[in-house]
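Below, subunit A partners subunit B and then partners subunit C, in two separate complexes.
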Partner chain A sequence: MSGVDLGMPTFPDAARQAVRDAQLRHNLGRATSTIRNKRAAVVDELDDWEQLRASGAAIKAHTLSRLDTYLERFEAAVTAAGGTVHWARDAAEANRIVTELVRETGETEAVKVKSMATQEIGLNEALASAGISAWETDLAELIVQLDEDRPSHILVPAIHRNRSEIREIFRREMAGSGTPAPADLTDDPVQLAEAARHHLREKFLRANVAISGANFAVAETGSLVVVESEGNGRMCLTMPDNLISVVGIEKLVPSWRDLEVFLQLLPRSSTGERMNPYTSVLSGVTEGDGPSNFHVVLLDNGRSEALADEVGSQALRCIRCSACLNVCPVYERAGGHAYGSVYPGPIGAVLTPQLYGVESEDTASLPYASTLCGACYDVCPVAIEIPELLVHLRNRTTRERKGWFDRLTGTAMRGLGWVFGDSKRLGRAQRIASLGGRLFGRRGIGRLPWPMSRWTDARDAPAPAPESFRQWWERNRTGSGDER
Partner chain B sequence: MKRSSHDAREAVLGSVRSALAGGQRGSADSIPREYRGRRHVEALPELFRERVAEYRAAVHTTDSAGAPETVLGVLERADARRVVVPEGLPAQWSDPVAERHDTLEDRPRLSTTTLENADAVLTTCTVGIATTGTIVLDHGPGQGRRALTLLPDTHVCLVAASRVVDDVPAALAELDPVGPMTFISGPSATSDIELERVEGVHGPRDLHVVIVGDV
Partner chain C sequence: MRVALFATCLGDTLFPGAVRATLRVLERLGCTVEFPPGQTCCGQMHTNTGYHEQAVPAVRSFVAAFEGYDHVVAPSGSCVGSIRHQHDIVAERGGDRKLSEAVGRVSPHVYELSEFLVDVLGVTDVGAYFPHRVTYHPTCHSLRMLRVGDKPRRLLSEVRGIRLLELPEAEQCCGFGGTFALKNPDVSVAMGADKTRHVRETGAEVLCASDSSCLMHMGGLLDRQREGIRTMHLAEILAGTEEDR
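For the complex of A and B:
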């Protein structure tokens, strides 16, 4: 399995930096609370939300349990409708296929619809090294691309930027890649959106190749569904004559009817709207309307491996709504960049280690980026048990990455088991601990010297009580202690 | 590339199959569907009207006798001189517009530049969804290919009240995804800047929905 090199610090290091950034915390806090409230309001409108959620989870689980069948069905339907299906085992293979397809058109640029799959495989970078410019057309993606920044949220990739920062980016960078920002641009969101419209219009009307992802792929009909707001998706799917869609193999749903569940779940969970402004459905090639040359690249890149993990495979149900990010206390404070992955937040913490493997320190640290409070599960529209997955992956990373520290922990745990296994031994240990506890007083345990500092650097622990419960019980209840 | 793509196909499918080996393979029939297929809505066109308006689209309610006047009024206020009229739009809607505006027909195909410079487009739709305030275009007769409703800055859409359904499940049951389809809920919008909603990005900046009560 291969992926792009994350090349990022581990979550604890990155998070420590991020929580010191007051501007970032302010931007994030404002944005996540706005979207949380919007979501809650439109979800409360539906008295059958829990039933929709159960169906959404069941449809996805069912699809995954017969994924091979549905993939073949989808391939057949797309082919019958005039499209071509390609298969990619990993990121490198997908990038090679897309690069080759763009080259065949003779073009050196492409317009892009926001897509998590193409970010996951680092497609823009791969195209750039082949001399092909890929222009992001979603407003937030444009902001991130112009600033050579990284996305920090699945739905709103520039959530970490406020309006005046965006104005600066537009003024500084737009001229370098096309129509410049107007000289008198203010930080009014209406003006900023207008500047993006002008900047991108030229690209939409000129481009001959579009690259997209898909929110859903319907096996029965070979349809791709692209859910969006700004119309940049419609532009990309309609205007250029060549369309290449990179679709993760977990995006499938069996039938057209299944969309009746997801088109209710997704907009309400993600933007907090009853329905997003535009949803495009594309079923192969239609003469006289849209692209005549249509390719779908089905991407594995670690998904089939994740499918083999009975607990972990739940994460493949994800429809990328990002509701779990917006409710997560850790995400709200640390921000998306700290996760070092295109998939941040709670879902990222369970998806990233599975897609990229747990060999590196940065992916292995992600399942710990959570307090296990469970808010993510409550809002997940396909009921992924994220806390359960986090614990499962903590266990897996520990088992698969046994270093000296883990062996030491193992020895300590066995020692603890020996002490707990006998009441006399436990009593003696507790008396020693109470003595130790008096050294710390009421303040509790702050910093300890290495190697215990690996625990205490990020946590305070209460000092052992001066008297254990068993001592107290003996003294007060059994009558064998002091008679008072 | 042909050879390696065949290998990739077999490798991905093989890897999926070995991941699923020995697991439970469910049946699609056992998927619970206890959500509401139909919602009880007292007055469908009223709810539709209210929900469309919440997206800051303009909504007009009229009957077939008053519809031409309503459409002309909208076009006039939008200062629309060149109006795109798709093939198959009933003459009762297109003729009055042709009398007062330059109508552009898509035969022969209008160029991108012409569409870009058109002021408005007038279409019908296939179905309207009350709960979500959505109109759905299947780009058949009276609706035109997708670019027609994408490039002009004003989209005027006639919705027959009888084509308004309660919610998403009822709408999907009416639709057959053989060609392209567009679900439209208000004018194009973005919330990418501090999550503040701004209307009018790349699609039409103004959406006018004309509900025709007696059709």
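For the complex of A and C:
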């Protein structure tokens, strides 16, 4: 999957637009701070949170280190339970398999449970081009789909929208794809939810195919676990006769004992709840209960390549809780769309470049979309060292990219590195700088030309000191002068 | 106690006042301070921008200058963070086993100022006097890389005459982020604007932090806003005494 140009603007360009959008910043600031505080409160309740977190990290790391074994175990268990497992190397292959499976049922529509994997591969679009309508049934996903928008958050895809914007979308778009919104719809959350419920109910009752992802896949029993808050997932997993689940290969956990750890970590980290309102487990086919035709598509799509990178593979531990997004000060200002991928925020900045490579400008700009403040690591329930990973991927970027600007920066960095390699060279550079400092006096510098204008457009810059510490020390402490 | 002072390239060149203040505090507490002249830079800017190979000379010069000292003190949380958590990565990338070993010997002896004062010297009252309204921003690398916790605040709270004011959302990043400030100036400034708004809300005359780099960013914004709020390094507040009046 490497080398794919997502065709998006680079992060700094996209973020510039987002920062200027006052409404967006307001929506995001409110939503992230609410969910951030909720998370902090329920995490603080547990004395053993850090142990849980360490277990979560260890279980995932172990599973990833023997992924082949667990995948085979999972396949055998699913098959024994009456399901069918398919293997998809990349997005195109996964889309082809799912399209074919839907076609075999003779249906032209499907209901969907919110799933990052199907978004990653662009399944809805692929199905649409094959004449199959896939309806999102998660409330926020529905909002995004109706508006033909893109999700901007892993957990709350419409986090960039407020209530009155949502009402407008419902009023404008619902009629085009089913039950219309009531004419007197207000922006009261109860009314909005009711409108969505009516709109979706019609689809649930009609659908004979469901498409889902999975939060976890338990190898020992071949079970898929889907957690959610609205009950739409439960409907999708139990009502239609056909179920197709697209599951990233990193979703595996060895056993139910391991699952227990994650069922504690995930809700507290993601929605700030102690337990998920709905936890659905599907273990193959049961006569007269749930789908009779059950398929799992195991998706690689760049994952095994990421797995081969000793540092980078940490990112595959991710359980998509989105806690790192909610605490990220950069995400809060730039919004999810700026990351140009279905995976925004800190996890997106380390996952997207690994799944798609750093050949294109946009993916290469992602590891730099962070101040390395470390807030993401502190909240990550599986202790992914995101700052370390960002720096690691920056290094990969500087080694792999060979454009003129990259070469220019590389040369400058080498030059500076050479100066820093020897105190005599640094001392000479400082003497030149301090001449400049005497020129400016101790006032700040107001405006500088490009590229330093990127600093001085909004910030004064300090003038170099008229005397460096080194010069002062030589003058006062090495016998050549008196201390002032 | 014999202490080697690491000025950091930024402190040495742009903010020598903070380094002289560090020297003053250490000497007042009875340390014998040396300035190893071979020192240059920790290499953090290179490393964090992804130029690990180009950071090797800086790491090499660092260990050469500081090898053998039991205590190396620097007035910067982020430089000390880089030394402790990144020098081994850089040395390994450089493929120099000797350098890796030297890094392993030197790094554990390097302390950020507040760590050294509280953990090694065991003091929180350094005999300072500073009769002003101050708010403290805990910089990210001190907080989340070094985990210095409330050490800087404990030092400040013992300063005579000081009025410490609580900074709202103190633990949020100021938006500096090294080359981030240049690569993503819009987000950097947006974060800094929120930070300086919180600083203004406190009514402080002085914004204090333990990293000259973050102070350069926040100070640059405050100066542009013409708010009359000064920035000072922790060492500069700890250095002042009643006799200075």
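A few notes on this one:
Here is the rule we go by: the second predicted complex is superposed on the first by the 436 of 484 C-alpha atoms of A that agree within 3 Å, B and C clash if a C-alpha of one lies under 4 Å from a C-alpha of the other, contacts with A are read in each partner's own complex, and residues count from 1 in each chain.
Note that a residue touches a chain if its C-beta (ideal position, glycine included) is under 8 Å from a C-beta of that chain, and two chains touch if they have at least 3 such contacts.
As the structure is a prediction and not an experimental result, all values here were calculated from the model.
Of the two partner chains placed around the shared chain by superposition, neither subunit B nor subunit C is touched by A:Leu389. Using the contact criterion defined above for the overlaid structures, shared-chain residue A:Ser280 touches subunit B, although it does not reach subunit C. In the superposed model, A:Val190 lies in contact with subunit B only, and not with subunit C. Of the two partner chains, subunit B is the only one that A:Ala140 touches; subunit C does not reach it.
Once the two complexes are laid over each other on the shared chain, residue contacts for A:Leu252 go to neither subunit B nor subunit C.
Ranked by how many residues of subunit A each touches, subunit B and subunit C are led by B. In the superposition on chain A, A:Val111 makes contact with neither subunit B nor subunit C. Of the two partner chains, subunit C is the only one touched by A:Phe469; subunit B is not. Shared contact residues of subunit A, touching subunit B in one structure and subunit C in the other, are absent.
Against subunit B, the residues of subunit A that register as touching in their complex are 27, 30-31, 34-35, 48, 51-52, 54-55, 58-59, 61-62, 65-68, 71-72, 86-89, 93, 97, 100, 137-140, 143, 156, 158-159, 162-163, 166, 189-190, 192-194, 196-197, 200-201, 204-205, 218, 221, 223, 229-232, 234-235, 237-239, 249, 254-257, 259-261, 263-264, 267, 271, 273-283, 286, 288-290, 298, 300, 304-305, 307-308, 310, 313.
On the side of subunit B, the complex with subunit A involves touching residues 1, 4-5, 8-9, 11-13, 15-20, 23-28, 30-36, 51, 55, 109, 112, 116, 129, 131-134, 139, 145-147, 150, 167-169, 172-173, 175, 177-196, 198, 200-204. By the touch rule above, subunit A contacts subunit C in their complex via residues 11-12, 15-16, 19-20, 25, 329-330, 333-334, 365, 367-375, 377-378, 388, 391, 393-398, 410, 413-414, 416-423, 426, 430, 433-434, 444, 451, 454-455, 457-462, 464-465, 467-470, 472-473, 477. Residues of subunit C touching subunit A in their complex: 7, 9, 11-17, 19-20, 35, 37-41, 43, 45-52, 54-58, 60-61, 65, 85-86, 89, 93, 140-141, 143-145, 171-173, 175-192, 216-217, 219-221, 223-224.
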